[in-house]
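Alright, structures below, take your time with them.
The two complexes that follow have subunit A in common; it is paired with subunit B in the first and with subunit C in the second.
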Partner chain A sequence: MMDKKNTRVYLMMVLPALILFFSFHTFPLMQGIFYSFTDYRGYGDWNFIGIENYINVFKDPRILNSYQFTFKFAIISTILVNIISLTIALGLNSKVKFHKTLRGIYFMPNILSILIVGFVFKFIFSVFIPEIGQSFGIEGLAKSILGDKDSAWIAIVIVGVWQAAALNVILYLSGLATIPEDLYEASGLDGASKWQQFRHVTFPLIAPFFTINMVLAMKNFLMVFDHVVALTGGGPGRSTQSISLLIYEDGFTGGQFALQSANAVIYFFVIVTISIIQIRFLQKREVQM
Partner chain B sequence: MNKMLKGLIVMLLAVLVLAACGDDTSDGGSSDSGSGDQVELEFFQFKSEAVKEFDVLIEKFEADNPNITVVQNNSPDADTVLFSRLSQNDIPDVMTINGGVTFGEVARAGVLKDLSDDALLDTVTDEYEDMLKRLSGTEELYAFPHSVNANGVLYNKTIFNDLGLEIPTTWDDFIALLDEIKTSDVNPLMSTYGEAWTVLPPLNTIASNTHGMAFFDELEAGNTSFTEVYGEIAEKVKTLLPYAENDVFGYDYNMGNTAFANGEAAMYMQGVWALGPILEANPDLEVGVFPMPATNDHNSIVSGVDVAIAMAKDGDHPEEAQKFVEFLLQPENVEFYLETQRMFAAVEGAEQTDPALEELQPYFEEGDVLPFSDHYYPQGYGVEIMFQDYLLGGELDGLLSEMDSEYERLSE
Partner chain C sequence: MRNKTNYVTTILLMLGSIFILFPVFITIVNAFKTPAETAQSILSLPSTWTFDNFKTAIEMTNFFNAFGNSAYVTFFTVILTILSNSLVAYAIARNLHRKAFKFLYFYLVSAMFVPFPIIMLPIVKQMSALGLMNLNGLIILYVVYGLAFNTFLYTGYVKTIPKELEEAAIVDGCSKWGVFWRIIFPILSPMNATVGILTALWAWNDFLLPLVVLSDQGDRTLPLVQYVFQSQFATNYNLAFASYLMALLPMLVVYLFLQKRIISGVTQGAIKS
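Now for the complex of A and B:
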């Protein structure tokens, strides 16, 4: 039997958070699911229309287009972020000079608002770089890459990776700190090269951190919104319209609240499925200390 | 333990009920109704560039009506805010709405006061009354037009004088003029299609002058299609593209305004609303606006209701709200607003006297105006994005079939 007094104390601790979470997260989520079965426009009257919205999601060319962009963006960004942040983390973990200061500096992007960063980068892409391109006569840089349907997404990848790498560096650093020094000494005595040490000691031991970084990065990039708003607003054309942005735009100002609610519900399950698959697959490769 | 669980469920239910009630009880800024003589009106105002002007007017109104306090509420992305407040049935007492697709939606939602029989309508220009009715698709009128804007071609008078250029009145003249400027080292046209909506000023002018408003009735009746009518329009928009020698798709609206203000182009197809930011960037610029010659026949000005004033149907203070709206629509107060806002009046007795706008004023006096075409496409149509795509190298057939299929999908 649990001590009654204790239970009450614990409950008092949990309850406020539970209520807040339920009323501001779970309840709106349930509302969204509810409205996805109606023809609600966000206001006014509505009727139940069954699963019609779910069928229409697959017929809407805008939604299919946004899935294409979002997945291309998320997969490439996830891979890049993990490569870059692992490299930086390895560098910062070694005894380079000022490594503590450098850690602080590398964490900076994470505390800046993405919108602000986005507007700064927008200026760089559409004013600063073209000016350099023009004054040095470099054809490829003279025009803003944000204005080109084939390259605008690259700008979003650059900003997304720049901003997201900061958090992943910290996570990798904490992973690297868990590896005992004597493993390197032992492998060094056995004649392992630096690469072999990384391949057979470091990487397997930080595998749990690799898993969590891959999953978190993928999930965050799939929900990309701020970057796109600040840099391109989804353009040119619809070339960088992410799923979240489409849900927001068509759902709120486009009068398609119910359809986009259905889209959001489907998307929710897509993200959950991907995350579970990732975790299953990557956890198999982890080793236990 | 069981008791605890029960308590928890009760709490959760209470939260649910509270959340549901919250929708009905919240009433924005117009609290303490009935208590005391002091009445507080919420004035939801969407134009961030006009906050100061309305504050001055509110102050004047409050001096005349000491028992009424008006709170101006200006939020960025006002359309979205207004829609989300509609969904909670939280309607401001008095609001300004842009006379576009948003107005039509809000009016149809049945939350605005019917103004069809209001005595104030005598002073309002009929064209704009009709425009608002067409937007809502109703016989009733749900807002007073206050001030109206116009599309046109902004031109740099200094460059026009230096090159000895004349203002064109037909499409062919316009193209000839563009060709002539192209031979000099001046950029003939500033275009900023990196920001999709900036394709609308030329598009609307060409479309409205080409097909008139009857097109939309025919379209609804199924007698015509975009494929039949918009080929010519789209090609004209594309014809103008190569005359803009700046990085068209790398520029956004703000960059375009700054560049035009610095004399980097002879002409700029925009609306009169761009004059404000342009003259702010360079107060010494000699700038004028002429109606864009969209066809070789007579061309009308494309103009829309920039600010329409509406009231809540079931507001807490209908009399005070009416009083405030009457005040805002008085010619002298409209004229005060026009001094800084570079718009035109929808109310008789108020005139725009800015020299930069003198070429447009006659059109307003004669009522030679056409509405914006894009206000009559279905909500969420995104014509500007389809055109941006087309101008970036898309096929004409693709554009036209997308316009038809999206129209069908969205208008149901």
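Now for the complex of A and C:
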């Protein structure tokens, strides 16, 4: 009797949220998958066309181009961000002056709007650095890297790393804080060098944090949108058009609602697959170490 | 040996922090300068600290309107998220041994893996059909989409709260609702703070969702305004920087005062995932 009444109360607690979640998340998700099998343009009539969109995704040079850019950006940024933030975290974890202030500064990028920061960086890349290049006669810097098809992606990597390092530094720091001090003392007595200490003591112990950071960074970088909008708008040409940006641009205004829905479904599977592979692979390493 | 201050590392870290602070520095000094001063030197301090750029930027972008919109969305998103998501997670956490609730848990949590672009196109059509292409619609989406991650965070925390606490209250004649609001919700305070901080950062800084959901000019949030006026700023960097600075400043000020709380909140949120 009591239990039945409780169940009703519990159901009432979750039901409104469940209905809202279904209507605003699951239902549009199902619609997206549904339309990916049609020739819907976002308005007007539509017909079922089977898996034609999925075949076309692999033939569309713009989509392939966006995957190429997004992966290049995500892989390089993930690696850089982890190297840099682990280095900074190791520094902050040693006995340094102004520890709290420095930690506060390094975390700051995480709280700022990446779009607005991106606009500031755009100024730095397109006005400030070329000016320095010109006044010092350094040819490599005299032209804006944003204006060149082959180098614009580097700017996006820099901004991406600038921001993402903030969170990763803090995560590595909390990982390093879990290592007991006497482990270092013991290995120090055994005559281990700094590098050996890092390789055999520090790194294995923070391996779970390495996994979190790799997966988190990769997943976020694969979704890159704000950075690109602020810095290049996807250009020059389409050289820096990310997958999210392409779905947004061509899905809404390009009349490719259905094709981009198919693209988004594939994108979804790609992200899930990569996350799972990364977790499996990195966890196996954790055990081995 | 490890007890000595490491000065080399300190100096290296300070040099590195210059790289972090540099964009903020450029924004501040140039927000106060005239175009002529910036043309002379980007890095120098302004000769006179004038607020003219800010005045113009405020009028041009209707700053206070955008600030109000961002504050409105962030405030109600945070309040509604904490109140509703904690309740849902409580009901789920206390019934995880039942199939239906276990399914519900995985149903909500697995949504974390769904990238937004896949729902972006249909949700915009749907919001438009429902007449929700406005700030309130935006709040609904934040609260609902937050459920995925927050259910995960809250459920883990609720499981650590002993059931005996509730049973005692029920014997005293408290209803299940009363138990949640009077006993569980206050115990959840640390998690409420974490969820509140993560939600506030998300709602305040988000660009993509406002970009696709808001249709009315008067509804624009702060990041959206910077985006819309970007082309008009292009001719006057100082105006742009004044506008950027005003948009970044509220969060910077909050961060200055709540730094420790924010860092630990974000860390907890990320580690739990």
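Here is the rule we use: the second predicted complex is superposed on the first by the 263 of 289 C-alpha atoms of A that agree within 3 Å, B and C clash if a C-alpha of one lies under 4 Å from a C-alpha of the other, contacts with A are read in each partner's own complex, and residues count from 1 in each chain.
Simple rule for what comes next: a contact is a pair of C-beta atoms (placed from the backbone, for glycine too) under 8 Å apart; a residue touches a chain by one contact, two chains touch by 3 or more.
Quantities reported herein were computed from a predicted structural model and do not represent experimental measurements.
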* Touching partner for A:Val127 - first (subunit B), second (subunit C), both, neither -> both
* For A:Ile19, decide between first (touching subunit B), second (touching subunit C), both and neither. => first
* Report for A:Thr178: first if it touches subunit B alone, second if subunit C alone, otherwise both or neither. => neither
* Asked: If you stack the two complexes on chain A, which partner ends up touching A:Asp60: first (subunit B), second (subunit C), both, or neither?
  -> first
* To do: Considering only the touch criterion stated at the top, classify A:Ser193 as touching first (subunit B), second (subunit C), both, or neither.
  => neither
* Asked: What is the contact status of A:Pro236 with respect to subunit B (first) and subunit C (second): first, second, both, or neither?
  -> first
* Tell me which partner A:Lys149 touches in the superposition: subunit B (first), subunit C (second), both or neither. => first
* Answer with first, second, both or neither: which of subunit B and subunit C does A:Ser275 touch in the superposed model? => second
* **Partner with the higher number of touched subunit A residues, subunit C or subunit B** => C
* Asked: Touching A:Thr253, do we find subunit B (first), subunit C (second), both, or neither?
  -> first
* Asked: Intersection of subunit A residues contacting subunit B with those contacting subunit C?
  -> 7, 11, 27, 42, 127, 252
* Which residues, counting only subunit A, touch subunit B once they are in their complex? -> 2, 7-8, 11, 15, 19, 22-23, 27, 41-44, 60-61, 126-127, 130, 142-144, 146-149, 233-238, 249-250, 252-256
* Structure fact -> Per the touch rule, the subunit A residues reaching subunit C in their complex are 6-7, 9-11, 13-14, 16-18, 20-21, 24-29, 31-33, 35, 42, 88, 91-92, 94-98, 102-117, 119-121, 123-124, 127-128, 131, 162, 167, 170-171, 174, 181, 184-185, 188, 212, 216, 222-223, 225-226, 229-230, 243-244, 247-248, 251-252, 257, 260-261, 264-265, 267-268, 271-272, 275
* Tell me, which parts of subunit C touch subunit A in their complex? -> 1-7, 9-10, 12-14, 16-17, 19-24, 26-27, 42, 84-85, 87-88, 90-92, 94-95, 101, 104, 108, 111, 113-126, 140-141, 143-145, 147-148, 175-177, 180, 201, 204-205, 207-208, 212, 222-223, 226-227, 230, 237, 240-241, 244, 247-248, 251-252, 255, 259, 262-263, 266-267, 270-271, 273
* Structure fact -> Residue set of subunit B touching subunit A in the complex reads 1, 4, 8, 11-12, 15-16, 18-19, 79-80, 83-84, 86-87, 102, 105, 108-110, 193-196, 247-252, 255, 379-380, 382, 385, 388-389, 392-394, 402, 409
